[in-house]
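By letter and in written order, the chains are A, B, C and D; residue numbering begins at 1 in each of them.
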Amino acid sequence: HDHASLIVYGPDKPGIVAAVTALITRNKGNIVSLDQYTDDPTGGAFFQRVVFHCRDLKVAMTEIENDLETTLGALGLTWKLTDQSIPKRMGILASTSDHCLLDLLWRHRRGELPVTIPMVISNHSNAADDVRSFGVPFFHVPSSGTDKSAAEAQIVKLLAENVDFIVLARYMQILSPDFLKNVGVPVINIHHSFLPAFIGAAPYKKAKARGVKLIGATSHYVTEELDEGPIIEQDVVRVTHAESAADLQRRGADVERAVLSRAVLWHAEDRVIRHQNQTIVF
Amino acid sequence: HDHASLIVYGPDKPGIVAAVTALITRNKGNIVSLDQYTDDPTGGAFFQRVVFHCRDLKVAMTEIENDLETTLGALGLTWKLTDQSIPKRMGILASTSDHCLLDLLWRHRRGELPVTIPMVISNHSNAADDVRSFGVPFFHVPSSGTDKSAAEAQIVKLLAENVDFIVLARYMQILSPDFLKNVGVPVINIHHSFLPAFIGAAPYKKAKARGVKLIGATSHYVTEELDEGPIIEQDVVRVTHAESAADLQRRGADVERAVLSRAVLWHAEDRVIRHQNQTIVF
Amino acid sequence: HDHASLIVYGPDKPGIVAAVTALITRNKGNIVSLDQYTDDPTGGAFFQRVVFHCRDLKVAMTEIENDLETTLGALGLTWKLTDQSIPKRMGILASTSDHCLLDLLWRHRRGELPVTIPMVISNHSNAADDVRSFGVPFFHVPSSGTDKSAAEAQIVKLLAENVDFIVLARYMQILSPDFLKNVGVPVINIHHSFLPAFIGAAPYKKAKARGVKLIGATSHYVTEELDEGPIIEQDVVRVTHAESAADLQRRGADVERAVLSRAVLWHAEDRVIRHQNQTIVF
Amino acid sequence: HDHASLIVYGPDKPGIVAAVTALITRNKGNIVSLDQYTDDPTGGAFFQRVVFHCRDLKVAMTEIENDLETTLGALGLTWKLTDQSIPKRMGILASTSDHCLLDLLWRHRRGELPVTIPMVISNHSNAADDVRSFGVPFFHVPSSGTDKSAAEAQIVKLLAENVDFIVLARYMQILSPDFLKNVGVPVINIHHSFLPAFIGAAPYKKAKARGVKLIGATSHYVTEELDEGPIIEQDVVRVTHAESAADLQRRGADVERAVLSRAVLWHAEDRVIRHQNQTIVF
């Protein structure tokens, strides 16, 4: 409690770190951790994350925000101050595969993910009992036929204003370009290949056909371009010629849930800054 | 000494393993190791590698080969018998970068690679002294201008009949479609990305632009299709946003030389079978 | 169906592979996969695993076993023939931590583990509902006080004759030297360090104190010597100075469940041969 | 050029980061990167590394040092300011094995290590030509017999005042307790196991006997306690039952040179802070 995280980014210039740390000190904050990165020391972009402790943070927030507005605004910087005691609300979309879904629910129960989970929505009903056994509401929104717009509208209606970010936990429906705009919050996906290899459908089958010796998974923010959004985390596992496409799928499932859980944790802890089509992960 | 490796492959059918092992036994061979793989138990392709010991192997070779011809020919199988005491002759093509080249020379000197190295050819002369200090002949074949055919002809002339396989140790010239045909031996390349991601030139720059969290290297047999040949080995290393394209290149160099050295070792030990556009690595 | 696995081991001598493969052929078996290893080509120990297909295997078993007895007995070899359509019965012992337990139950439900799970026994009751939601019986056997013999006797009574092997899924009670003898089946443990480092209690705390840069987990067969049994599988994960002992525990939990699930799978598929204090894993 | 690295550590208290960054700003420095760590937010130890750019650094050094003395001394902190344009002088001790030695020399030639190498000393002469081909002086100091004191005195005489740190690149002689005191600079060793497993001699043989599935290497600062000094870096590689102790040694050599080169780089860049028997690596 009483911990805040502050994200600052914008055009680099001398003295930003000193300005930010002085600001925290004069607002009686004590820096717990500080990460900083400049993509080009001569005139590039600047990124910083500071976690600080501040007694009676809730009371102090407004004053700190005013100070940030004045001090960092003058430097042309963007900032975001977050009270770490307020967990982000995470909505999950899933389909029949449950390995990513169950892993998130279980990590949450263990206290590994600083989020609340207001709901799980799936276009299949198989996971309903499992989800509810974790005390999480489950909504079944079928998605058959070619026109998905009604289903998507229903999903948006359930999620809008109720969640701070959305996780596609192997959700197998392609969302329309409008979905992102309509839900208005970041969406994190897990793709079952080491992007940019094997973009699109059936990556394990493509991996088997190409004869790769490593398969992987990639968690990224969803953008309008399918499988092209900023990558948050990736990992791989070694495979051999002896493994079938089905084996690759089974082996890959372990990588998928591990990669997704790390990406979700980092997003939930405000460790990820999007910059162009890349991420800074502190 | 007196060890042979036998590669057998072709259409699968019951009894192949028994036929091969019986053949080795009746020729007084003792099996040291045996690997076997079938890509589809119902009518797929069969692959086998056996290493066996046989007293006075050099004398026995002809008789064993006759038996193989009779026995395996009848089963429609292809085979290749190799006296392991005869090292393969490895020619190396290189350019200015020396990390893969020196690593192969060091490993060879340490006795890690069962090959001889009749020559190193480079389109640059910077590595000449280093190469010759290992007792290996060095030939400088410059490759300037747009017409590379004269340089390529000179390379083919140097290599033809003198080597059993060729390693492109970060050789930065694109070889013509005829090169493979004219040298008549397998060519192993190291590509500085985890193929099929970042095919073509400047993969580290592309990797930086895409914001991947892992970079890799791929060793593959060269075919007429650039970067599309059968993959022998791959590996990756974790990187962060803080690393520049130049950092990725430096970090990747370590992966490249490690991956290439494993691929070369396995090829030299007759562990790799090409099948369609894939490899079986025993 | 109709697949058998055959394990053969004993003193090496020429012709064993041929003898075994001929035996399978004359019993109308078709070899699907074959692995073989000799720890010393000159007079060492020989190990082999063959999976073969045989129409009407259940009928043929007796005849094949007789042939094995005659043929391999004469060679001084030990063998074990298993009908792969009969899943092994796996009993699980657990305590409060549920990461290894749930991972095994999830994988089993997904069809990844060729076993049945007759029961889970725990000295705590917290996982009862979760376990039963998988359709698996749960028994709570408390283990308080200094004399654990009554609790242990109860556990043995529940397990004996009902399971083919036992998994200690982070079971935090030390079993008596007699336990192994009384249950009469192999017991697989997961230790939360890369053995032989940090033997005994509180390995993550010891790892933090020593300042290691990697932490790991080890799955091994239980013997009378605590943490000294034959290792089946190990893995590690990279950590930094910034991670507390509690962080190491959380990070390590992911390695533990991954390592244990691989060891269990390999044991269930008869891929593991114990030899002295080591394992051959095919 | 004109880049300095500043290491600060000592008892944690609020405002240190702000004090340091303000100091850099008022001395006209521009922060390029900043790393910070507190081992216990409530009254633990504080560690910081800042790299900053400062025009005419050489001229400004004295003034900055005076400011540091005043400002940080008052806070009870220890600090160390380094002009990054002045490379550290690295002495290397080696024996017959050349894989670590050559890797360091070659990385230095490629410009990967910001050091100079005044000399290589070996108790064997086999590497003399190789070392000198890199333009580095080579001294042969034989070390036979039971009394090593004369050899050690000769080594100290060669190194003292001539190097800023020493690397034991698989140097196979045990140095006396006085050696560290007499050379007066940090000594970095590479141990061929993932410490604390397999302390002492012949770790690969011990690893084979224990049947581990991973082997590793550890680079650490040398202290009076053999193999017990603060660990800088570790890594592992997967092995199987089929690999002999000699295979492990060959496979391990690749891990050794990789781990040592990373530890040396980080030390050379002033990224490593020793704290009790651990390291903070920024």
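Note that in this section a residue touches a chain if its C-beta (ideal position, glycine included) is under 8 Å from a C-beta of that chain, and two chains touch if they have at least 3 such contacts.
All values derive from a computational prediction rather than experimental measurement.
Can you check which chain pair, B-D or A-D, has more C-beta pairs in contact?
Answer to which pair has more contacts is A-D.
Superposing the C-alpha atoms of subunit A on subunit B takes a rotation of how many degrees, nearest 5?
180
Roughly how many whole angstrom separate the Cα centroids of subunit A and subunit B?
41
Could you state the distance in Å from the CA-based centre of subunit A to that of subunit D?
Taking the mean C-alpha position of each chain, the two centres sit 37 Å apart.
Which positions in subunit C are in touch with at least two other chains?
In subunit C, the residues touching two or more other chains are 33, 37.
Line, ring, star, complete or other: which describes how these chains touch one another?
Looks like everything touches everything, fully connected.
Can you tell me which positions in subunit B touch subunit C when the two form their complex?
My answer: residues 14-18, 21-22, 24-25, 29-38, 41, 53.
Residue numbers of subunit C touching subunit A in their complex, please.
Checking each residue of subunit C against subunit A gives 33, 98-99, 102, 106, 110, 112, 129-130, 133, 250, 254, 258.
Of all residues in subunit B, which touch subunit A in the complex?
Contacts found on subunit B: 37, 39, 194-198, 209-214, 216, 230-236, 240-242, 277-281.
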